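In what follows, subunit A forms one complex with subunit B and a second complex with subunit C.
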Partner chain A sequence: MQRRLPALLLVLPALTVILFLFVLPLALSVAGAFETETGFGLDNFVKSFALYSSDMIFTLMIVGLSTCMIGLVSIAIGGYLTLGENPRAVAILRWLYRWPLFIPFIVVGQVLRTFLAKNGLMNNILVGAGLITPLQAISFLDWRGIVIAFVWKQTPFVTLLLAGAMASVDRGTIEAARNLGASRARILVEILVPQVARTLMVGLVLSFVTMMSVLSVPLMINAQSPTMLTADIAFRINAYGDYGVANALGLISLAATACVAWFYLRQSMRDRG
Partner chain B sequence: MRNLLSATLALGLASTPVAAAELTVITAGDQNMVDYINEYLGPLFEEQNPGHTVRAVGTGPGDAGSQKIVERFEAQKQAGSETWDTDVAVAHEKFIGPMIEGGYLAAYRDNIATGKLVTRANADMALGARVSGYVMPMFNSQTALAYNPALVPTPPKSYAELAAWVTENPKQFGYNGIKGGASGVSFVMGWIYAFGEGDADKLMNGPFEEAETQKWDAAFDSLKAFTRNATLTPGNAGTLDLLSRGEIAIGPVWVDMFYSWQANGQLPPEFKLVLPAPGMPGQPMHYVIPEKAANKELAEKFVALATSPKVQAEGIVKRFNWYPGIDAQHVQAELDADTWNKLFTDVTPEDLASYGKPFPIAPYNTAILEAYEAKAAN
Partner chain C sequence: MMHQGFLDIAGLSAGYGATQVLGGLDLSIGEGEFVALLGASGCGKTTLLRAIAGFATPSAGRISVAGQDVTHRPPDKRGMALVFQSYALWPHMSVARNIGYGLKLRGRSKAEIARRVGELEELLGLTGLGDRKPAALSGGQRQRVALGRALAVDPRILLLDEPLSNLDARIRLKVRHDISALQKRLGITAVHVTHDREEAMVMADRIVILDRGRIAQQGTPQALYNRPETSFVAAFMGAENRIELSAGIEGDTVAILAGPHNAPARLPRDGRPLSSGPLEARFRAEAARLLPAAEGEDVATSDVTDEALDLAGRVETASYPGGAWRHSVRIGDETLLVDAPEPFAQGAAVRIRIPAPALFLFDRPGEVPGPNEGSTGNGPRGRALEALKT
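Up next is the complex of A and B:
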């Protein structure tokens, strides 16, 4: 008992901070989701589903698609960093791929807004290169723009984790496979990826959660209908001062991220057991 | 939850010491509002009142900015602060009613000399709430359709003509929906004025009747079909961006933003404006003074300066391309004919008088936005 008291005192400041700045607001916002003008009820959720059910599906599809693409691209980059045979190409790639890590989401949104527009930089280059005609140019400022922004911004983060894990994989397994004549692609898919699957999963789950909470990118690129839940939450508060429905929407997106987290936890428990 | 958050916020604010002669002006709206105070009005006031300083704080664009001001006042009221951290606030008219209802504001218009220079109806009623005495309009703003004459030689003169034009020219009209800024909101309100089966005057002047909100179904159905042929833009500035890049040919914009962009060279000089029948909404921004402002007398002096004919002419009309807040004849006398005419080149004073509408009163406003989400956007 006497040993425990100082220990408790030591964690107390951190615990208080977490309680007051995280747990309490979370509890209040959960309670707020059920608060209606006539007491507690499900009105806010009824309204959320009536108005924003297409946005919920849209959000999950976008974030889901982005997560898959991030997974694929980062496996490709990580794989080349580990298995690539041209040291100069590897060095350049290693230097380049981290850049987007240091760029905030809002800047990504701003940059892509002019880059992906119908008469934006990308289409101008394609037209200039004679690849498309001006009439074929289309604007990417819709769901595709959001996916591009997410993949561009989150891939380096997952790759960083993944490349580290791949580097620490026992080289012997790779050499053995190569000696037996396996191609590099096959080594990547059958030897490397299975051994780093857990790290990949952590990276993807963290990316999913991050992307669910990004407001700036949908606001900058596509705040129309359908749009992402974060834009709807901001709109409920800004236009109507309606915290009830905003909280309900927040809780719904929390449920989505909780599903992913649960899946991840179950997987890691199974791996351990 | 809001109460607790507000209380925490207020606690933080209340503990900040108030400097004796620092006038704090908080303003909603785009960066140009903060620029106006920092670059023009603040220095002018400091020059006329040596020793005092003006501090401008922006709370962000659109309704969100004004909502933040309301919450800030609410927080200080609930915390029981004796002196508030704000001396003058600039807010959208939709939020003035709630501020007066909450008892946050001082009735000061009769205390200042320029109070008599305002007779326009929207300085007495703000979206159905009686505000006379509590506000001085900083400026009046108006939405209109901006178009590229190279692509649209004869612009549509009414909503009905526009609807027909859009079916012939799909994706050439762009607006920003209702979630990306007030120019799109304004366009939607104008659509309901034009095609709603109810009485548009009732939407603007009240009273609020639930039955009225059931009369918009056909209008929203046609708006949904219309929007399918339109391009959705990301925000007020987004519409202007797309116009300048030639991606759309016509779209609703704020008149002041249009002129400012043109003056900066961000829009080609040949672009023009048209205000379609039966009209599109505009709105004033209002100066208000909190009842418990720390420097109330100084605040009144500040607003009196800001609404004096000279400042309205030089600052509001000439530099920032807004329509004056006080009655136009007092301002016109201070300006040369060229500057004055520039403001009314495309949209004439007659157009403004017949087609410049107020926004619907607050409950209809909210009902239309929700109906848009449920019926036109889903």
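Up next is the complex of A and C:
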């Protein structure tokens, strides 16, 4: 019983940090979302949906599509790293795929802006190679640019988790399938991915949450409407000082990520049960 | 040997990177035969099995099945199925899906797969477990699922990579018999890798003992047990007691010279390739008898014994592992283990009598007594040789 006090004292610094730097600001933001000029109400949410519902759908579509593509690309890379039979190709891929991890989102936005623009590097190469004429060149600096940026930046992160999980899968389970005549594609889909499904889910949920909170990429690549919610939040605060609507938009983003987190938790509970 | 050579291995060399594990190995296995590859870890037995299965690429040599060269065929095109040491069951699939996967890959209909899986579940005593995941099975059940998965595709050759090493000792004894009974019933050819001598002897028709990537000896369990050709094989087959002797070969007789701890003896040569000079003798603890000896008795001057070799020593400890008392007896600098029905007191002078058929004799090459015998730095050996010269 006397041990309780020292234990509490030990926990206190960490608890204080969490309370004041995390719980309190979150509570203030949530409360702020319901604050209007006439007291508490849903006015901010009504305004948010009226002005930004297309942006909400745009955001969810972009982040959802990016998540799916990240999943597919990282399965392909992780699968090749685990099942590839050319040691040199595997070594090169292992060395290459992590690079984007070390590049900040803002730099990714900047790089892709010069790469994907109408007269950017990509179109210049395609024109130079005679594949398209200058008139056919189109800018990718819209939703496609954001998806490309997200996939390029987040795939290494998910692949890192996935390749680690794949490497720790019992090689025997792969060889047993090969022994019975399974092709490498079948081994990847039917043997390897199901065994690392939970790690894949964790990686994708974390990526989803990260992408929901990125401001620099939509600002750099796609400044027109529709745009992503993060850009809208920044705009409400910087242009109007309108914290109410900004907080409401933030809460809506939080609800979207919470849905994904809930889906993940339910899945992992079911696996355990 | 009378093997028809169903699975033939000729001049097989294999290894990992620069390390060569197998060097020019020849082995012929008959159809329906159960062969155990026995050896200590690192002897190349698993590499040999993986080369046969197609998971290790040989650097030289040829593997053929029923006269067809399969050396460079992929693992699934050899008519073989491998049972892994870890079982390697797919944790996300039910028992039925694990067993039926090979058939699914072969494009069989769902009804046919279900029928075959049902047959195998019944054969292996897994009925009613079809919907369970491997994690919900006992070790023995998992092992049978792994066996069922391999048998489902009707392989001509079943390869077993230490399939019993992860089982409890009690279950292992039963599963040994289950597997060999099943193999006999199905008439399938089986190659079984193990480091457990008893397991190999109980299960196999023929045992192949591997030592550093080469076949040390092969034959029936009885032949290997009773007539080991080398000291290594004798030790592996349980003859752990080792003594050094000196003998002269006189026709069909091996005349053991009296030594500091052994009496002279005349034993039948029994066709063994021995030459006069230093010999190495090996025997099993249970094959020797322990007799009381008079204090101060000198074995070297005792009468020549026929059909048995006598050693003189002193009991160090006695323990009871079951069946008989096991004595640790000190002979000079060596300690030998000998069984006796009744315990001898600690410190008692005893004679160890080893009957001729239980005494395995081998030449000690490179240990010819000569002027530089002390240079090996081997204390007891050097002293034994000195004593012989006197």
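To be clear about the criterion, the second predicted complex is superposed on the first by the 273 of 273 C-alpha atoms of A that agree within 3 Å, B and C clash if a C-alpha of one lies under 4 Å from a C-alpha of the other, contacts with A are read in each partner's own complex, and residues count from 1 in each chain.
Here, a contact is a pair of C-beta atoms (placed from the backbone, for glycine too) under 8 Å apart; a residue touches a chain by one contact, two chains touch by 3 or more.
Computed from a predicted model, the values in this text were never measured in an experiment.
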Specify the outcome, clash or fit, for subunit B and subunit C once both structures are aligned onto subunit A.
-> fit
Which of subunit B and subunit C A:173 touches, first, second, both or neither = second
So, does A:117 touch the first partner subunit B, the second partner subunit C, both, or neither?
-> first
Have a look at where A:239 lands relative to subunit B and subunit C in the superposition and call it first, second, both or neither.
-> first
Please determine whether it is subunit B or subunit C that touches the greater number of subunit A residues.
-> B
Answer with first, second, both or neither: which of subunit B and subunit C does A:195 touch in the superposed model?
-> second
In the superposed arrangement, does A:220 touch subunit B (first), subunit C (second), both or neither?
-> first
Between subunit B and subunit C, what minimal C-alpha to C-alpha distance in angstrom results from the superposition?
-> 47
Which subunit A residues are contacted by subunit C in one complex and by subunit B in the other?
-> none
Which residues of subunit A touch subunit C in their complex?
-> 170, 172-173, 175-182, 186, 191, 194-195, 197
Seen from subunit A, its contact residues with subunit B in the complex are 25, 28-29, 31-32, 35, 50-51, 54, 113-114, 117-120, 139, 141, 219-225, 227, 231-232, 234-235, 237-241, 243, 247
What residues on subunit B touch subunit A, complex-wise?
-> 1-2, 4-5, 62-64, 67, 70, 176-180, 231-232, 234-235, 238, 241-242, 245-247, 366, 369-370, 373-374, 377-378
Subunit C to subunit A touching residues, read off their complex | 53-55, 74-77, 80-82, 84-92, 101-102, 105-106, 149, 153
